[in-house]
């Protein structure tokens, strides 16, 4: 489902920052999660009812493949795809590609989000989120 | 293999930092990768020959399960276990637990490292790394 | 007032993290602010009434001198000193030194905090904070 | 010299990231240094000879005034100005403003850079840097 022919939920252009580099002179592995988070939140905050006083999503798991090193400066695009709509969870696939060469894949993988109530118990995926993914 | 009865390669005590929190007031998801990286490097730099002018490890993939929110302040322990020794790669399992309650699991998962040469081609896992894992 | 003979409000031992490094292989300049923040919050949260529903501190200004590069791994000590008690503000001086050589100074400087109310207007420095500084 | 009528050396548009926020839901104080660093490096890497095998700049000191809280999402502009050209150092003033309201000032202040040789001793400011500032 994360194949390029699918339509992404969001394709967010991002500028790398020099501080994203680590002592090996590549974007640090943790930074990829920050890129994904930015795209995820920019997508979700456009969906009415993604979070309210009764429910909110938490990140339950993440899988990241590092496909090639990312050097500064670079303009990247973070693409999120709906991979699986569960009863209480949502699995988003991702691709991080180069803005000037969309076939240059820096990372792919998946993130699993679960919607919980105030007590931390899973609740049904909000209808608006479900709709936005279809 | 990541079960508590196995002996960890390293069990690194770490102090959370307030900056690890995000706007949800929990340790940010990316921070877990920084904790893992710290333990991984502190373990590896004790192994002679883990990196030299001919070979170096890169992180190829990571899987992180977020088991419970982590609040500040907290003292945690980052445990790494050898899960699989490959020809050119090493899979490390991890557990992040509370220093004051070792049964409180914040995260588990795996990281896959691949050793490469100067040209980026996979090379045999260094013998010293292989030994350190057995 | 930041001279070594003064008694610090707090002297917090901290472990550097590899992620604190940047592509120049030294602790990044922004990381020093994270070290200072950690010490400041660990000190303040011990002072009853430093923050409540009526007032909270904000950082108004910071001055940091970078005295020598900081390499990983390193154990450092972050010392905070009371430099000036104002009507609505508090100026803290800092020294960041090496835990294994207290005369090795990595950074010194000052941070100015102002206490504000819910509307963002400066309020009198909380009495408990004033006492804790004397 | 940092007044709006002066011509900035660079005026870099930047997108905030959600991860720039801390638990107070504002851009963390350390993040401002990352914004400044990005603008400084994007400016300097356009100046031939800013760094070579004989000399490189280090950040010697920074002063940051926090003028108003910065919330996510936001598009900001980081402006750097030449404030003082020394024999071995350069003082850059900065202004961080809102991209949609240039009169909304988030931060101002100064950064002092010193050029050093391989042994860490100050050297004359590179001629190209001096020219770029005039």
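For reference, chains read A, B, C and D in written order, and residue numbers begin at 1 within each chain.
As a working rule, contacts are C-beta pairs under 8 Å (C-beta built on N, C-alpha and C of every residue); 3 or more make two chains touch, one makes a residue touch a chain.
Worth saying up front: this structure is predicted, and the values here are computed from it rather than measured.
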Graph distance between subunit B and subunit C, where chains that touch are linked | 1
When subunit A is superposed on subunit C by its C-alpha atoms, the rotation angle in degrees, nearest 5 = 180
Taking each chain's centre as the mean position of its Cα atoms, how many Å separate subunit B from subunit D?
-> 35
How far is the middle of subunit A from the middle of subunit D, if each middle is the mean of its Cα atoms, in Å?
-> 30
CA centre of subunit A versus CA centre of subunit B: separation in Å?
-> 22
Subunit D residues touching 2+ other chains are 18-19, 28, 30, 34, 37
Subunit D to subunit A touching residues, read off their complex | 14-15, 17-19, 34, 37-38, 41-42, 73
So, in the complex, the side of subunit A touching subunit B is made of residues 28-31, 33-34, 37, 58-66, 69, 109
Residues of subunit B touching subunit D in their complex?
-> 18-19, 21-23, 25, 28, 30, 72
